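Note that the chains are named A, B, C and D in the order they appear, and that numbering of residues resets to 1 at the start of each chain.
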Amino acid sequence: MSPRIGVITFPGTLDDVDAARAARYAEAEAVPLWHADHDLRGVDAVIVPGGFSYGDYLRCGAIAKFAPVMTEVIDAAKKGMPVLGICNGFQILCEAGLLPGALLRNAGLHFVCRDQWLKVENAGTAWTTRYEPDAEILVPLKSGEGRYVADQSTVDELEAEGRVVMRYVGGNPNGSRNDIAGVTDARGRVVGLMPHPEHAIDALTGPTDDGLGMFLSVLDAVVKA
Amino acid sequence: MARVVVDVMPKQEILDPQGQAVANALPRLGFDGVSSVRQGKRFELEVDDSVDDAALAKIAETLLTNTVIEDFTVRRVES
Amino acid sequence: MTTTEHLADTVENAAANPETPQPFRELGLKDDEYARIREILGRRPTDAELAMYSVMWSEHCSYKSSKVHLKYFGETTTDEMREHMLAGIGENAGVVDIGDGWAVTFKVESHNHPSYVEPYQGAATGVGGIVRDILAMGARPLAVMDPLRFGPADAPDTRRVLPGIVAGVGGYGNCLGLPNIGGEVVFDETYAGNPLVNALCVGAMRVEDLHLAHASGTGNKIILFGARTGLDGIGGVSVLASETFSGDESAGKRKKLPSVQVGDPFTEKVLIECCLELFQSGIVVGIQDLGGAGLSCATAELASAGDGGMHVDLDLVPLRAEGMTPAEVLSSESQERMCAVVEPSNVDAFMAVCAKWDVIATVIGEVTDGDRLVIDWHGQTVVDVPPRTVAHEGPVYNRPIERPADQDALIANAPDALARPSTPEELRETILKMIASPNLCSRGWVTEQYDRYVRGNTVLAQPNDTGVLRIDEETGRGIALATDCNGRYCKLDPYVGAKLALAEAYRNVAVSGAAPLAVTNCLNFGSPEDPAVMWQFEQAVRGLADGCVELGLPVTGGNVSFYNQTGSTAILPTPVVGVLGVLDDVRRRVPSGIGNEAGETLLLLGETRDEFGGSEWAHVVHGHLGGQPPKVDLAREKLLGEVLAAGSRDGMLSAAHDLSEGGLVQALVESCLHGETGARVVLPSESDPFVMLFSESAGRVLVAVPRSEELRFTDMCTVRGLPWTKIGVVDPDAAALDIQDVATLGLDELRTAWESTLPALFD
Amino acid sequence: MARVVVDVMPKQEILDPQGQAVANALPRLGFDGVSSVRQGKRFELEVDDSVDDAALAKIAETLLTNTVIEDFTVRRVES
């Protein structure tokens, strides 16, 4: 039977349908997970999708990190389950302490929706093995609070350990430190990414299908595991 | 040099989705006894002593506050 | 509890004190309207009733000045035109059958004045309101569009208004998870002090799931759910509190209330999912959105659409503010609220769904037999009215109509005498000036603030002529939507101008390869009390209706916004027209960017005449508005549409871009920039390059066809009698648009000119 | 019932584009002498007397503030 990828829905989550579609395109089974449940329904990997969880009025991800389902995600992640946080999901993983740093208001102070070139800096994480090292991919970016920040020592550490997964190329759209678009945890299992690979799985509805590689990669990872 | 603080809060009768979101979250996080939360903005300005209260009020009113939906207070704090 | 509540004006009290003076004029009621209310009720209205009638009989809610004209849409709609229409004018939104069992509903609404007062919140709540209209039909909202109009781009107030409005449309729409698939940004002096914010929402449902809200079935419960009710947007009505309780300081304070509403997109997003789950589980008889006029409107409309009466207990309404009077509760425009009619046996199930989504839901009343809407407050009756008289039998005016005295002078002032560029240098300079002008430059600064990807069904959005959405992931069936209106054309001739707006929206839909199916509108005009404005309105309605008959498309709904003027200056007549088309398979959609296949031929379809009345060239270069608008030929537009559809179906088109403001050269530049590809253009030898490049003749489209399909396509055009001209070839190797004997324009040079304008003005 | 104010400000070393934007706008509007502007958040909470300072600190630290990027202060104000 095909691997099961959980897709979390918080009130205010928006890109859950897209994340589920991406999982299906990769021929995994997409399993809906509800914010209020203390249950990951036996999934092999989890996607925390984009959106505005609980409105994100306080701080992006600030309230979502306390959701019952997140307690389970944090435990599972510690045990090595692959977790991908996209956009709001990335913000939530940072707030929850699964990933270092934080995401702040874009330097330009506007929401930015554009097709963004990214360089795959680490093709060794659970979510990026299908890419060539240094491959450049084009996927949508759409966020108002996508400026990645962390203190200098953290940034140095991330760079030194190769934990910057993707970097913006062809211009920094939001003022992120070191053009960082995505980072991973020490084991390369938990990945947070500001742009939206799930919106680049089919040239009909996205700029390219460059994003599909992330969902195919995780299948390899869970099958191996 | 003086430090000036301008507090900008949503008008009482105006809906405050931010504050409401926090208020709704608290019980879920096991914090009880908070009956209302309002969220506004706090500005900290460093100004020369040449800047008088009239100027500060004008800055607060024209630039920092949307007086249609927000109220503000200005105060100098020793720094 | 504050004193105001004990003093609530009851029916009993109203009967006992018939002569108590009431502030009906302050509430916008005319003397005869007030007299009519007294006549209907056989007594003076209570404060609450007065509040209800005054909002419901307002121009905005009652269409009292436009009704007599809007009838014309119904009168001219034939049965063939109705073929695909499932619901039309009069419902929350029009609904059409697009095939494969799918019903699509769409509507535009204006939120002009509030967006001038508070740009961000005004625009945001405008989006929120139209989305609830679509939701009330039982459909899942799928996308939004935002036709916008502003004063001069460089006017100081535009710097205040535009960024706020754009941020508001984006802030709310993005947070709802609705892709923004199109809109307009137009600048003109007349919109200074009166910007237009028109918001469109489109949704889809299975045909069998169509819900029309009405309160039927005695004993059925009325449930209010969503946000709490506060003092939002009751500015007007608070005079009641102050009049009645002058001296009461809380009322005095409230009299100064801003009539501004703040939107809470998160609450609305949750409300959407909650409503859809309620519809799906089949536990609602009907759902009505609360928009302008809040509970007054929802209860009166539900009751009068149903077959019984209704009883409501206002004490049950969850409030956000203290000491609200019944009149205030009834007129509050607090956002993100809905009202449902539910059978008693389903109430528990209803509440369970709401609890899952943390949505506050309260039974506030029930359907009664009899035919009165009765509302109680603290055990006393404060409203007892025949609902139809509130909701549907408001005043109707036949306003005086008079063709403006200066209309002839305006038309006589033709653009023929204006100095035209002739040398290659002058033409080149004009091209660069035009593509950088506010009405023709890139809208990227605006559209980049809108999420166009969310939900993963957006097939085309900006910068294409039309938004295309996939509706059915299996079959690929989808829709195309475009809105258009050139107010300058409408000023010169509102009848023709409205047809031209229809023609352009139709053409924009057609270039995507879709078959146009239905029309909606948002008619933005000045004061109906000005006979000249009423003439423009009447002409525009007739033009649009007659145009729809020629095209065989029904007008399925619309919205009227009057009183758009600053002082005595009315805005340009702005009948925004939205056209919905259907694609049996969105995979064959045609984009506007060229260079998708090697060696494409560029063809210009349609005829180019020397037409510059109301043109963007006359506006930008000479600040001139006069003469006749371009000729409109809807039979030709229809033919054009058929050719484009056939071309798309048989894979003969690799790109298509309609010609509108700015003419051929604008389309060429955009097609090159969208496709990031150069082109070599040769204008017909006998033609005047200036006219060829800048004329705004309607009924024209620029298409790119693969060389292999060129003959097949041109033969088809010839056979069908559609004029075509080969004007060049796509040149992927050239980083330039080369117009022989006129100019060679580097793509970088063009991009810089086209893209720099709005950022320079608004960043 | 007590009123509690929680002020949350971006850490000094963190770039604050909103404050920046305000600071840059001031001279354009003819206001000089303001050398720096920082924008943060202000929360006003209504709490029962049962809620002690420890609980308030916890609310401020775990929910209202992201200590990676922000500092906070909590104070009770008589209302």
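What we mean here is this: contacts are C-beta pairs under 8 Å (C-beta built on N, C-alpha and C of every residue); 3 or more make two chains touch, one makes a residue touch a chain.
These figures come from a predicted structure and were not determined experimentally.
Asks: Of all chains present, which has the mean Cα position farthest from that of chain C?
Replies: Centroid comparison gives D as the farthest chain from chain C.
Asks: When contacts are scored as defined above, which chain pair ends up with more C-beta pairs, A-C or A-B?
Replies: By the number of C-beta pairs in contact, the winner is A-C.
Asks: Quick one: report the Å distance separating chain B from chain C, using the average Cα coordinate of each chain.
Replies: Spacing between the chain centres: roughly 36 Å.
Asks: Can you work out the whole-Å distance between the CA centroids of chain A and chain B?
Replies: 34
Asks: List the centre-to-centre spacing of chain C and chain D in whole Å, with centres computed as mean CA coordinates.
Replies: 40
Asks: Among all residues of chain A, which ones touch two or more of the remaining chains?
Replies: Correct list: 54-55, 57-58, 63, 66, 108.
Asks: Mind pulling the residue numbers of chain C that touch at least two other chains?
Replies: 264, 266-267, 358
Asks: Send over the residues of chain D in touch with two or more other chains.
Replies: Residue numbers touching two or more other chains: 63-64.
Asks: For this structure, give each pair of chains that are touching.
Replies: Per the contact definition above, the touching pairs are A-B, A-C, A-D, B-C, B-D.
Asks: Please give the residue numbers of chain B that touch chain A in the complex, ascending.
Replies: Where chain B meets chain A, its residues are 17-18, 21-22, 25, 28-29, 39.
Asks: Would you pull the chain B residues touching chain D in the complex into a rising list?
Replies: 1, 7-9, 19, 22, 25-26, 29, 31-48, 50-51, 55, 58-59, 62-64
Asks: If we count contacts the way the header does, which residues on chain D are in touch with chain A in the complex?
Replies: 13-15, 17-18, 21, 63-64, 66, 68-69
Asks: Hey, which residues of chain A end up touching chain D in the complex?
Replies: Those in contact with chain D are residues 58-59, 62-63, 66, 94-95, 101-102, 104-109, 149-151, 175.
Asks: Which stretch or stretches of chain C touch chain B in the complex?
Replies: Touch residues, chain C against chain B: 117-118, 121, 227, 230-232, 254, 257-258, 260-264, 266-267, 320-321, 334-335, 358.
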